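Dropping the structures in below, format is structure tokens.
In the two complexes that follow, chain A is the common piece, with chain B as its partner first and chain C second.
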Partner chain A sequence: MASVCAASRLLSKRISTQYPVVDHEFDAVVVGAGGAGLRAAFGLSEAGFNTACVTKLFPTRSHTVAAQGGINAALGNMEGDDWRWHFYDTVKGSDWLGDQDAIHYMTEQAPAAVVELENFGMPFSRTEDGKIYQRAFGGQSLKFGKGGQAHRCCCVADRTGHSLLHTLYGRSLRYDTSYFVEYFALDLLMENGECKGVIALCMEDGSIHRFRSQNTVIATGGYGRTYFSCTSAHTSTGDGNAMVTRAGLPCQDLEFVQFHPTGIYGAGCLITEGCRGEGGILINSEGERFMERYAPNAKDLASRDVVSRSMTIEIREGRGVGPEKDHVYLQLHHLPPQQLATRLPGISETAMIFAGVDVTKEPIPVLPTVHYNMGGIPTNYKGQVITHTNGNDKVVPGLYACGEAACASVHGANRLGANSLLDLVVFGRACALTIAEEHKPDKGKIRWHRLRRDRTPSGSSGPVHITCLLHCSLWCLCCLPRRETVPPDAQCRRRVCGQPGQAEEGCDKMDDIYQSLDDIKTFDRGIVWNTDLVESLELQNLMLNAVQTIYSAEQRKESRGAHAREDFKDRVDEYDFSKPTQGQEKKPFEQHWRKHTMSYVDPKTGKVSLEYRPVIDHSLDEQDCAHIPPAIRSY
Partner chain B sequence: EGYVNEARQTTFVIYVIYEKNVVFFVLFSAADMSLVRFRASASRLQSLVFTGCSRGVSGAVKDKEPLKKAKTPQGRFDIPEEKTNPVLEKFPDDVNPVTKEKGGPRGPEPTRYGDWERKGRCVDF
Partner chain C sequence: MLSSVVAKRLVAGMCQAAWRPAVTGLVSCRAYRGDSPEDTRGDLIEIPLPPWEERPGEPADIKKKRLLYESRKRGMLENCILLSLFAKQYLNTMSEKQLLQYDRLINEPSNDWDIYYWATEAQPTPDIYQGEVMEMLKEFTKNHNHEQRLDAPSLEYLEKEIQ
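Let's look at the complex of A and B:
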């Protein structure tokens, strides 16, 4: 890597002369055009800002479109409801790792956000009276958990995310946002710790574009693709997280990754828990119903993390099925086919299309699958990106984040169902409002320091490093030895090392893979639509996410929410909340785990350093909505 | 023999053999990399019309006539098309008779097992 940097200085001269760099200037730039990105982009345009939306996919192809579940809001259409009860449910669901001020903000704004979407034209399903129909979903309760099941989830038939995205896109066309579609954002332009814009690669013609702006919003989505089995699109590569990491800023809580136990092997589709509810069983290579050993009472109906862990242990101990022994089977053929067809209509079609099995004769290959990333870029409740220095949160000027890429943190250690679509719209709007509050459009154009030939602004070593890759592929100027490697996408296939004990082993293996990244070679030498190059860049981004995830996970010695460990099965808080806190001694900050992980990576060596930040326990207005003190989470 | 009415694309005439009043056309099909030999009687040659894509040096497709739609062998596809998706039928008027929800998800209640289920797939949990 050292010789790369030496050669890079030589190359950087050539970059500005031989490689076309186009400059743009905007009042605000939004990176990513999913639910959060679009909402931020047109929120800014509406406020009068000259906004650019830089996205590597066409807006309606972002992964938000795949969200079929609903969106939670305490509208109170089915029974009396209060957003403070939604607040309680979300705080509890996050296992008290969520920042209560952000959760307060989100749940209070939820009804207004949903009504706003409806006014934009989103066709929610209706009750007989014409109000939005709400159903029970996602661990929602009434009266702070004591009033029974709450009905809060609004939906649009089977396609809430699809409809949301199309509604937002259609609405955004009313405003004059400039869309830069199929531009791959490479890096943030940072100067003296302030974000001054973004640099992106135009995939169509290979030119580099610098978007200078006082306000940059990152809404690039999650990084499911670091795992072999995930429900995310191939484009969910954590580009925003990686850009922020390369800029020297931290990422928060990356070890909290939400798994679902039964995802179809190879396809990434999830099989509903209803299959196990109806009598389906999980079997290993010996044909044994292994859940009986791990959860003798609940067996296959144990909670999701227990099932996921059991499956992973079985596979690790060599009792997996298939040629690589890396998954297990979900058996349904012992159930009467008629029952399957009536209780679970469509499952035979699903199994045939995605797994190629006849569900009445063969078992379905399944393994734990990643669905959502709770962690991401740390922000406050307004959407501003923060770092934590000397015990205080400090805002990074000019940088904002929203959506799955951000960690506000409303989901904490575990996301509740139907809360993520809400998170998108609320915080997308929050970023737009914050920017509008802090700046007037066009006020004080940034004094742009001319990029000197020999030295690019700090933090944007990204473009130099990227252009090294480009130059190596385009002009073969570097005479570095480049060994052939496996195709870039295959590199980051790794399984969840949810098994501790193997966590250290996982970290070592990850280090090896990181070092082997040096040997990436792109085969496509073209400038137009060089997907080989873009995939290599995505691989580097995935790598940064993966290495932070695994180190954070290895360090966190407790089980909380989605982060579950065999060797540390309990939650470690400052008090033991299973007993009254009166008379207990509060553990010092270093000794308990109710804190956010802030991870930094040195991109050259791949070394991860971790710091910790306390959870925000107060709400925005204690009079209006008191914070919820921690308790044992049980459902 | 007889009248063959087929439209073949990306097929080139390689050579023509004329002997004893019979014309053989040897055709190379780029679509499936095959050589086909057609035989036509010379007396019918006047009704033989050469049409086709002449992809000249300019690269443009110059069609003299619109491409003829391939006709399926008669009778083989006369079975009426089966309705795909009998499992998730639309409710009458799009109103769920049990919950009276209008414009909601088709089929049984998606959240009945605790997660959001559709066609056996879990989409949210």
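Let's look at the complex of A and C:
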């Protein structure tokens, strides 16, 4: 990497004259136009800020569109409800790794957020009396877990995600938000530890654009594509996390990755739990319905993390199917074809299209599949990005984050269904509100050094900081000795982490792959619509996410929520919560694991360093909503 | 005498029918949701997005490069895999007319799921998107050869084509 950087510095002068650099100035810049990004952009525009939204996809094509579930909110339309019960469910779901002040904020704001969306024009499904229809969803209960199933998921038929995007995008256009669509954000512009904007590549003409602003909001989504099998679109490449890492800031809790038990092997497309609800069963290489051993009562309908773990154990003990024995089968052909056709039509199509399997004759190859990233850029409950130094949280001026890219942390170690869309709208709005509070629009012009076109962007005269990575990629683009492409992601995506003994091996393999990234070359030499270049940049971003995930997972010697290890099966808290805490000695911070991981990477060497930050255990207002003390998590 | 509920449903049904093509048969949902509530499509009606526009001056090779990016980067995984494989097979041999049809098909609809439902014939394709390219996509989706479509293809195939 070092020799390449030296060469690139010589070339960078040439590059900056060859590559037009366009400067923009805005009151606020939002990176990403999914649910969270659009809500933030809309909120900022409405508050009078001159806002830019930089996105690599057309807004209604963001990954939020895949969301078909709904938004949780304690409106109480189906039965009496209280947001404090939703608060309890979320804290418990997070396995006490969630920050209770952020969870308090989210669950208390939820009803207002849903009503606000309704006022914007989102056509929530209605009951006969015209109130918003709310359905049941996993993990939601009444009366602090003692009152049975709660119905608090509001939806727009089965296209809640799409409706959210369509509504917010449409409304934001009335306020004159400037959208920069199909611009790939490259890096943050940092000066003296403050964020001054973002730099992006315009795909249409290959020009570089600098968006300078006092307020930058990152809403770039998750990084499912680091894994071989994930349910995410090919756009979930953790671009925001990587930008923050390259700026020398930490990411939080990246080891907490949620798995859905049944995604199609390889493709990763989600096979809904409804299949097992209709009678589908999971079988191993011996044709055995193995869930009977792991969950004698619930069998195939046990909770998601139990099913995922059981499938993983079967595979590891050699009872997997296929030539590599690396997945299991979901069998549906014992069900009547009529039932398959009427109640599970989507599944039959998906299985044929992506696995080439006729579900009336053959079983579907499935594997626990990455579904969501609980971790991300650490923020406080207001959406401001923070670092943790000398035992205190410190805000990074000018930088905000929301959505799956951020870690507030409301989901902690495990996310509940239908809380993710809620997270997007509440914290997208929170970022806009915080920015409006802290900075009035055009109050005091930013003093910029004037950058001449022929100066290298990374020259000492400018506040701009472009990483070596960008130069390397552009260099590859201009001066390729040979055209060779590294097979994209095939190795990088393979998951080797969190399993006994394999954890360290995984870290070593990851280091090798990281070094091999130096060999990356693009063959497409054009500057216009260069998909090859963008995918190579995304690969580099994925790599930064992957390396932090695997090291954080290797270090965390416990099982909590979605992070499960065979060699450390229990949660390690400051007290043993299975017994009364009175009389127990509190373990010091270094000796227990109820804490957030903060990971840093040196981009040149790929070396990860880890620090830890305590969980916030108090709510925003103890009088109004008492915090929930940790307990054993059982359902 | 109609009850108010039934009357409301009739009105809603008429309004819906006026605004979108008639849907016959079972509406396929990706997920099993039990009783799927009605969709009034109020947002699509009340909040129109700026209309999609052709790019008349765009040369064919640039259009193909743009459509390649736009085929590979979609809202959900199913479309990412389907359209990138489709683009690998057909994009470079499409005529100008076909390119225009494809451009409209993948860029005009606001809900990516709709493209998937039309390609899998779970819902009928609206007239404006019917044509050669839609037929090609539907045939391609059927996966007659029972291939395993595990992932979007890597871009190496383009390099081989250039050589």
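As a convention for this text, the second predicted complex is superposed on the first by the 541 of 635 C-alpha atoms of A that agree within 3 Å, B and C clash if a C-alpha of one lies under 4 Å from a C-alpha of the other, contacts with A are read in each partner's own complex, and residues count from 1 in each chain.
In this section, a residue touches a chain if its C-beta (ideal position, glycine included) is under 8 Å from a C-beta of that chain, and two chains touch if they have at least 3 such contacts.
None of the values given here were measured: they were computed from a predicted structure.
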Does the superposition put A:G417 against chain B (first), chain C (second), both, or neither?
first
Greater chain A contact set [chain C / chain B]:
C
Which partner chains sit in contact with A:F523 here, chain B, chain C, both or neither? Use first/second/both/neither.
second
Give one of first, second, both or neither to describe whether A:H166 is in contact with chain B, with chain C, with both, or with none.
second
In the superposed arrangement, which partner chain does A:S62 touch: chain B (first), chain C (second), both, or neither?
second
Have a look at where A:H371 lands relative to chain B and chain C in the superposition and call it first, second, both or neither.
first
What is the contact status of A:D532 with respect to chain B (first) and chain C (second): first, second, both, or neither?
second
Taking the superposition on A as described, I'd like to know which of chain B and chain C A:A355 touches: first, second, both or neither.
second
Looking at A:H234 after the superposition, I want to know if it touches chain B, chain C, both of them or none. Which is it: first, second, both, neither?
second
Tell me which partner A:G268 touches in the superposition: chain B (first), chain C (second), both or neither.
second
Touching both chain C and chain B, counted on chain A across the two superposed complexes:
68, 123, 125-126, 128, 133, 155-158, 269-270, 272-275, 277, 343-347, 349-350
Write out the stretch or stretches of chain C touching chain A in their complex.
5, 26, 28-33, 36-44, 46-50, 62, 65-66, 68-69, 72-82, 84, 107, 110-113, 120, 122, 141-143, 145-152, 154-156, 158-159, 162
Within the complex, which stretch of chain A touches chain C?
56-58, 60-66, 68, 121-123, 125-126, 128, 133, 155-159, 162-163, 166-167, 169-171, 173, 182, 203-204, 230-235, 265-270, 272-275, 277-278, 342-347, 349-350, 352-356, 483, 485, 487-488, 490, 523-524, 526, 528-532, 534-535
The answer for chain B against chain A in the complex is residues 87-88, 99-125
Of all residues in chain A, which touch chain B in the complex?
67-70, 123-128, 133, 135-138, 153, 155-158, 260, 262, 269-275, 277, 304, 341, 343-351, 371, 417-418
